Amino acid sequence: MSGFNKLVGSYQEAMAGLEDGMTVIAGGFGLCGIPENLISEIKNKGTTDLTFVSNNCGVDGFGLGVLLEDKQIKKMVSSYVGENKLFEEQLLAGELEVELTPQGTLAEKMRAGGAGIPAFYTATGYGTPVGEGKEVKEFNGRKYIMEEAITGDFAIVKAWKADTFGNLVYRHTAQNFNPMAATAGKITVVEVEEIVEPGELDPAHIHTPGIYVDRLILGTFEKRIEQRTITTVESQA
Amino acid sequence: MALSREQLAQRVAQEMKDGYYVNLGIGIPTLVANYVPEGMEVMLQSENGLLGMGRFPTEDELDADMINAGKQTVTAINGASIFSSAESFAMIRGGHVDLTVLGAFEVDVRGNIASYMIPGKLIKGMGGAMDLVAGADNIIVTMTHASKNGESKLLPKCTLPLTGAGCIKKVVTDLAFMEIRNGAFWLIERAPGVSVQEIIDKTAGELVVPDVVPEMQF
Amino acid sequence: MALSREQLAQRVAQEMKDGYYVNLGIGIPTLVANYVPEGMEVMLQSENGLLGMGRFPTEDELDADMINAGKQTVTAINGASIFSSAESFAMIRGGHVDLTVLGAFEVDVRGNIASYMIPGKLIKGMGGAMDLVAGADNIIVTMTHASKNGESKLLPKCTLPLTGAGCIKKVVTDLAFMEIRNGAFWLIERAPGVSVQEIIDKTAGELVVPDVVPEMQF
Amino acid sequence: MSGFNKLVGSYQEAMAGLEDGMTVIAGGFGLCGIPENLISEIKNKGTTDLTFVSNNCGVDGFGLGVLLEDKQIKKMVSSYVGENKLFEEQLLAGELEVELTPQGTLAEKMRAGGAGIPAFYTATGYGTPVGEGKEVKEFNGRKYIMEEAITGDFAIVKAWKADTFGNLVYRHTAQNFNPMAATAGKITVVEVEEIVEPGELDPAHIHTPGIYVDRLILGTFEKRIEQRTITTVESQA
C-alpha cells in the first residue's frame, strides 16, 4: 500500500510522462526557489516544443536558461525575461514565442487554475498592450479586463521541507510562485532539501497541503545568487 | 540646478507618512529608503513576497533564499512577513500598499505611464509594474524631466506602449514636483535654482504654472 | 432487505481507493469513515479548512478551536494540514478532492441534485454542498431510495431547487447502487434480498435494468 | 510616533466609527474563531440596520445571534443559517433579509474583495437558484457564473496571536474565514488571545500580514463548543 507516500526514487521517475509539446508551470522568481534539478532532468530528457509558464526564464547557463541551449522551449509565459542573451537571440530570430504577463496577473492566473476559477477580472493591464483583445467590464465605475486561468500538464516546484505525504514548507522568499504552481499542474512534481515524517511539520505552518503534490524527490541545490548585495561593516556604521 | 539622484530620492521621501507601507521600484526609487524622515517609520514591501524588507545582508547573513523584487539579497526586519507572490499581489492589487514609487520613460497629462517597453528594442517585460500602477491609489513617478538629448518625458500623450492608463497623479523629476489633474501637469515646486522657464521649456504636455512656484526644501 | 445506515456507509466505502482524498458530508456519509477497507489509506478533508481529519477527541484533547465542517470537535492525524476556508474551497473547486460523498433529497436522470432547500419550510442554506458538487468529478450520493411515505427520490426531474446541475454520476440507496448515464439510472447492484421489482417500483426516473443484477457484497 | 503599532486601548475604540447601515464582514465558522467581544461591543453600541457577511449567524444567545435580539441586523450574507430560532422568526416575519451564498463562493468573494479582483467565475451554483440573474460564460465547454467581490466598511476578526504590527497567527481550524475577512474591510479590527513583540513570530508562519490590520485588541474568550463530540476510552478500544 503506498497510501499517501509521494516519494519517487529518481529524477527520471519524477519527470516520467513529460512529452513534447506539453505545458509546464515552474515555481521560482529569478534564480530564487527554482526547481534546479527538475529543470536539469528536462534538459537531459531532451523534451522539446515545451511551453513554460514561469515568472522568468533563468539566466544563460542556469535555471530555465539551460533549456534554451537545445531549443527545448517553444513559448514562455513570463512577466520579465531580460536576463538572458540566448533568449534575446531566439526571440529576435523568431524561434521563441513570448507572452508577457504582468507579475501579479501571472500569479493569480496560476492560483485560479488550481482553484477551479476559469477567469477573473483585474484592472492590471487595462488600456495597455496586455489588455488588447481581452474582454472589458466595468465595476463601480472602473474598467477591468478578464484574465483566464492557467493550468499545466506538469508543475515543477522547489520547496524547503516536505513530509512524505507531500506537505510543503518554503524557505524565506524562495516561496514566491511555488505555492500557486503546485496547485496548477495535472502532475505536480516537487523537489526539496529535506524530507521528514508525517506529523513533524506543524499543520498550521504548511504552505502547500500534500493534496496538490503527486511526486516528491530529495535534491541538492546550487542556489545561485543573481544580485549579490552586501552590507559591509563600514556601510553599516 | 537639476537634482541629483540622491536629492530626487530625498524629495520623494518627504511624501511619506508615518506608518506607510511602501513599494519602491528599481533604481532611484530604491534610494528613497535612505531618506525616510527622522522619527518616522515606514515598512517596505517587495512584490516577490516580503513585507518588512531590511538592509542588505552582511557576508555572514547572505542567503540565496532571501531576495527582493530586484533579485538583490536582502534581510527582513523584526515584524516582517513572508508570503507567496499571489498574496503579495493581492496586497498590491487590493490597494493595501500606501505608496508606490517607480520610474518611467514617459508620463502624460492624462496620468498615463509608459515604463516597460521600447518597441524595436528588446522587450524585457513589465514585471510587477503594471500591477503596481493599477493597484495603488498613491503613486509617485520619479524620472529625469527630459532625455539626454533634451526630449521632454512629460507629454500631451505617451508615445510608448502604456504600463497603466490614467493612474499617475504625482511626478518628481530632477527639475520639478508636479501633480496631474484635469488633463494637465500642475507645477507645485521647482528644484533649487531651476527657473520656471526651464521647466516650461522642457515640459511638452500642458503645464499649469501658478504665480509663485516655491523651491523644494531639503 | 433494505440496507441499514451502516451497511449503506459500508457499500459506499467500497468505492474508495488507496490514497484518496475524501470529503464526507453530514449524516450517513460521515459513517463511511468507519468502513475504509483494511490496508487502505484515505485522508479526510473537512471544508472549513482541515485536511487529515482524525477521530473525535478524548475529554483531555477536547479543543473548541478544532472542529470539522459539521461543527463537531475533532482531532487531526499526523500529516494533517490546516488552512483557510478560501484555500479549502480552492482545493474543492479545483477538483483536487478525489471523492465526495453527500446526502440528497432528490436526484434525477440528468445528474441533477436537490439537497439544501425545501420551499415553504425554513431555508437553512447550502453550506459547502454547492461547491462540493460543482468541484468534484467523483461524487457519490447516499440516501434512502424513497421517502417514508413511499415517494421515489430518484426522479425524471428534480422538483426541489437544485444544489447542482448535471453533476451526479453515482447513487447508493438503501435498495440499490446505480450510475447515471445518458439520461437514465443504470441499476448496477441491489441490496441483499431486495428484488429488482421493488427497485423498479420505487424509481420514478427511467431505470435501465440489465439481465442480471448482482447483490451487493459486504 | 505610532508607526505600525496597531494596539487600541478599549473595545469602544476598536469599533469606533461603526454606523447604522454599514456592512460588516465577520470571520468565524459556526462558533469557532468568532470575534466574540467585538460582536458584544456592537451589541452594546446598539448600531442598527447592519449587513453582516459571515458564514453563519451564531446561535441563540451567542455569536452574531446576540445582535438579533435587538434587531440590529438588517441583512445576512451567509452559507448556512440553520442554528437559530430568533433568526427563523425574524426571517419569516420579513424583518431580516438573507442572501444565501455557497460557502466556497463566500470565501472567494471575501478574498477577491481584499485582492482587488471585482469578480470571478465559478461553476458553483450554475443551474441553481444561486445562479439566477447572474452572468453565465462558457470556458472549455463548461458553464460558469460570474460572482462579484465583497468588501465591508468594517471587518471583525479573531486571531490567536498577534505582534503589535498586526501580524496574525490563527489557531487550528479557528482560522476558517478570518484571513479573508481581514483583507476585505475598509477598517479591519482584530481581537487576539496573546500579543507579542515584532520579531517573535516567524515571518514564514504569519497567516495574515499586518498590512491588512488597522486595530488590534487583546481579549478573553469563552470559546463555546457547538457540537461536543468525544471519543470515550471504550469507544477507542
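Lettered A, B, C and D in written order, each chain numbered from 1.
By our rule, contacts are C-beta pairs under 8 Å (C-beta built on N, C-alpha and C of every residue); 3 or more make two chains touch, one makes a residue touch a chain.
From a predicted model like this one, the values you see are computed outputs, not experimental measurements.
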{"item": "Given subunit B and subunit D, the chains that contact each of them", "value": "A"}
{"item": "Farthest chain (mean CA position) relative to subunit B", "value": "C"}
{"item": "Distance between chain centroids, defined by C-alpha means - subunit A, subunit B (Å)", "value": "28"}
{"item": "Distance between the centres, which are taken as Cα means, of subunit C and subunit B, whole angstrom", "value": "55"}
{"item": "Distance from subunit C to subunit A - Cα centre to Cα centre, in angstrom", "value": "36"}
{"item": "Separation of mean Cα positions, subunit D and subunit A [Å, integer]", "value": "32"}
{"item": "Residue numbers of subunit A (touch at least two other chains)", "value": "108, 111, 115-117, 122-123, 171-172, 175, 203-204, 207"}
{"item": "Numbers and ranges of subunit B residues touching at least 2 other chains", "value": "76, 82-83, 89-90, 92-93, 134-135"}
{"item": "Category of the chain touch graph - line, ring, star, complete, other", "value": "other"}
{"item": "All pairs of touching chains, each written as two labels joined by a dash", "value": "A-B, A-C, A-D, B-D, C-D"}
{"item": "Residue ranges of subunit D in contact with subunit B within the complex", "value": "1-4, 111, 113-117, 163-165, 167, 183, 197-199, 203-204, 206, 209-212"}
{"item": "Complex contact set, residues of subunit A against subunit B", "value": "29-33, 55, 78-82, 88, 91-92, 98, 100, 102-105, 107-108, 110-111, 122-130, 160, 171-180, 207, 223-233, 236"}
{"item": "Of all residues in subunit C, those that touch subunit D in their complex", "value": "46-50, 55-59, 62-68, 70-74, 76, 82-86, 88-90, 92-93, 112, 117, 122-131, 134-135, 161-166"}
{"item": "Contact set on subunit A toward subunit D in their complex", "value": "108, 112, 115-123, 137, 139-140, 142, 144, 148, 169-172, 175, 202-205, 207"}
{"item": "Residues on subunit B engaged by subunit D in the complex (per definition of touch)", "value": "18-19, 21, 39-41, 43, 45, 51-52, 76-83, 87, 89-97, 134-135"}
